[in-house]
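In order of appearance the chains are A, B, C, D, E and F, and numbering begins at 1 in each one.
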């Protein structure tokens, strides 16, 4: 059901492998390996490459720790989309939306790395949360938290903007797929550990999944109401600074 | 869910890029960028090209502001279909139909740029509304307004012609797709933020969408009844002038 | 939903374009354009060609008005199928069937151009009705009339022959498709202006369509009963003359 | 819905066309055209060819009327399957089955040309009925008669053999398709002249079709019971002579 | 619905055709044709070939009657699978299973030719029953008997082993297909002689088929209970001799 | 339904065939054949090859019994996935999960060969159970036991970890397929020996299969509760030693 990401020692080995190919000075591989938590092998290779590009841009003849810090965002967030400039009202909606995701992540016990309202690719904003530790197992509790976080962008729009935008559609699509998997592949619903195939049982399973998503939405709203000041503060900071790094 | 159009500064840059390729005099790029609100990058490139053609036709050796004004319609409306001549009764139906769209757009807080009963492509008439501002987000309110505007052509036929023509079919098809997206992709209905897949939930979602379209139709009719004099005035002007620019 | 046919002035232009390619004398283009009401551009090109062939057969060195009159039927009706000779009883059924179509067309306010019981292509007989004017819009009233006319062939068989033949199958198929479009694409039923996609709503729509066809059949029968003498007279004339031109 | 077969004069012309290509003497084309009732153009071409082969086998240097008589069966029935020899009990079942078809055809006002229990192709036996006249129209009455005739083979097995064989399966398949067409394409059922497409209406239509087939089976049985002596006589003659020509 | 096998005289002819190609002495073709009851043309050709191989192995210069006897099993049963050796418990299950098939065949009036618990191909054991005579017709009674025989292997496992193995799955699959054909293609159920296509009628038909299979299973069990001693004797003999020829 | 694996004597022959191709000393083929219970022919060929590789690595010039012991795991378990290092909490979940499978296998009368929490391929851990004897038949009892063993990993997570991880998804999928086969292909449910095809009967069958899986899960939990000390002991040993061989 999932492809495990490299563990800490694996990441260290992968980093060493790629670092051997570029001139470096004073690199703390252990620190980089820790920061690369949640990276795939390809992400790591890409990171070393971007750091080398960063060094070249800066006129440095060797890659140093600082170049890795500067290029980590590009690996995590994807390249900026400079062709899109948000209007003020869209910026406001995006700031509330991302602040909702971020505060809900924290409220459900997760960690937020970065929140941004600079458009990247097709996304108007983004909230990055790297995994807390090297645990690869997905549990029912973690799945339900994920649903709450996915719904929190939309919840923030309803609560603080006063209406919901179509921009919440991709969150809806991901939450719906995740909820369906939770019922039909992981057996977390009262239907138990059976993978249904017939129309009747699949429709029954989807009813559970739909209820989960609705419940997660309700929980996202009550969570954000309880943390209104935090959401507001982050939204204000995002409008002022565009990107917030934790 | 949507590809954002270039913002104002982006449009200015795109205009400058293409204008650098043709001889020009006294062009107000800022004004053009504002008029290009709602244009894609390709529309802008096309506009510069059409203005150059317009200048050449006029025997001018440089492209000027006026040539842009003259060619903007062709970008917005598509080329005229000279092979079709409407009968008087068809002209009348078309005038009521487009007047319905236009007045409903204004009544729901939108702006109309141009209304025409000159056949273009497969369309007997057309009503153009550029976006009010650079906002890219689609909200439930905006979606419901759009449904009312789409239904207003048909509503005008029922109210003022006395019967509905099959020419309203493409409005119906677009409204139905938009309503379905509102329920199933954007989660604006009581079903909430779940993307259904099973036959049962999809059929339930479609029932909401069908009710939205019927409600929008009822609202379009009451809106036009309340603005009968405006609709009648615009219809009269369309019959007299064939195209009305706001 | 429909490709508009050329209007009167368009037909005149098209005629002039093709007439310029053949030697002619004393052609009244305006009269021809009027007779070509309901012709597509290709039909007009074809008509000029057939008139030239007609002239050549007659040994004339220029195409004249008379050659157009003689070849107009071939454009309207398609070529005769000389391989099929109807038995007397089939001829009788066909005469009643076509008389039913023709009288119902007249009764619903339409115009009949020609009725024939000479087999053409796969059809045993044919009734031709050109459009009354250049109106391109299809309304609910026009659709319901069309259903009555399509059903009137079968109705005549039931009323005057005493039983229905399978020859009414193509009328049934066309009426069923038209009724379905009226409900699902044009929104003429109580379901209103929504284009259904889910099995449930499509089945509901089809029930309306089926009722329309049955109602049209009932109306066709009562119409023909009320005009029994007209139907009988036309049927007698068809048996005697095989083709009747109005 | 149907491709009309050549009429009598058409058949005469087709015969003359093909006869012109082979040496003949004293051929009565009018008589042949009458015997070819129900033949397609290809059947007629094939018949002339088979007659020529027959003449060659007989050492005749010209094709004569007699050669046409000798080869007509091959056109009607297809070639004998000499690889199959029926056991006595199978011969008995086949004789009752074909006698049932033949007597039911006569009882419903039709004409039988030939009945055979000599295996041809995949069929153990065959009953040939040419059309009574050149009528091409299929009516509800004719369709219901056809269903009775199709069911009569099976009915004869049940009545006179005491049990039904799987050999009746192809009759069942043809009768079911014909009944479905009668309801859904010809509109002969209480559903009226509508061609259904949705699952619900198609299932309703099939219920009518199934009842027609069951009714036809009941009628076939009562028909054969009333004509027991005729069926028995024909079955006896078939066992004795293997082929009976009317 | 079925491809008739060659009759007795046909088999004789086919045998003579192939025997002409190999050197033979004292062959009784009539006896061989009788033993080949139920063989297809290809089976017969294969038999002559295997007999020639048998003769060659035995160092004989001509093929004799005895070589046909020795090779008949290979034609009927397929080649031995020497790669599989059954454990004692599997041998026991197989012996009861095949004894069940064989005794049920005899109890329903059929004839058994050979029973074997030597693995061949994918089958652990096999029971061979050649047709009783040259009858090609499949009746309802014969179909119901076939279902009982197919179910008897499983029934024997339940009665004498105490539990059912998955090895009965191919019998289940064949019985289910046969029962479905009996209802839907042969019309042997109360649904009568109609071939259903719509989901509703097909599901109804399958319910009849499922009941037939269940009834056949019940009958197989009561049949074997009544003949316990015969089943036990055959099972004992199979364990001792591995193959029993009747 | 199943491809029988080679029996004991077959395995001996296959071993002798492959051993003849490599230099060996003091090999006990009978012992190896017994240890290869449950191996396919390809597995055996692979085993001889791996033993030769093992010998080469050890600098031995002949393959000996010990090399077979050392390489048997690789055949059974697949190659290690050294790229994945489990976190301590994942290791704990995996240890409980595999201990659950292993103790349930023993509790249902089976034998466990090896339990491991070293990642191999996509699996975080693995429990190997070779077949007890050469029996190839799958019975209802064996199928139900298999369901209990498949569910026991998930049951151990619920009981001893306190929540269920998505890692149980592949067990769910296999159990669901096995239960469906038990109902629809082997006829072990109250639906009896019928292979359903229509939506209605297939959905009914799936309801039985779902209940079986749920019952197996309940039984797995009560089994593990009754054997808590055994599960705990094995989990402790797995955390300490990573692999336990029985």
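Here is the rule we use: contacts are C-beta pairs under 8 Å (C-beta built on N, C-alpha and C of every residue); 3 or more make two chains touch, one makes a residue touch a chain.
Only a predicted model underlies this, so the values are computations on that prediction, with no experimental measurement involved.
J.: In angstrom, rounded to a whole number, how far apart do the mean CA points of chain B and chain F lie?
T.: Centre-to-centre distance between chain B and chain F: 64 Å.
J.: Find the geometric centre of each of chain D and chain E from their Cα atoms only, then give the gap between the two centres in Å, rounded to an integer.
T.: 37
J.: Spell out, as numbers or ranges, the residues of chain B touching 2 or more other chains.
T.: In chain B, 199 touch at least two other chains.
J.: Is the chain-to-chain touch network here best called a line, a ring, a star, complete, or other?
T.: If you draw each chain as a dot and join those that touch, you get a single closed ring.
J.: List, in order, the chains that make up the ring, beginning at chain B and going on to chain C.
T.: The ring, traversed starting at chain B in the chain C direction, is B, C, D, E, F, A.
J.: Going by the contact rule at the top, pick out the chain D residues touching chain E in the complex.
T.: Contacts found on chain D: 83-87, 89-90, 93, 119, 122, 124, 151, 154, 163-173, 175-177, 179-180, 199, 202-203, 206-207, 209-210, 213-214, 217.
J.: Tell me, which parts of chain F touch chain E in their complex?
T.: 1-4, 6-10, 133-141, 143, 185-188, 191-201
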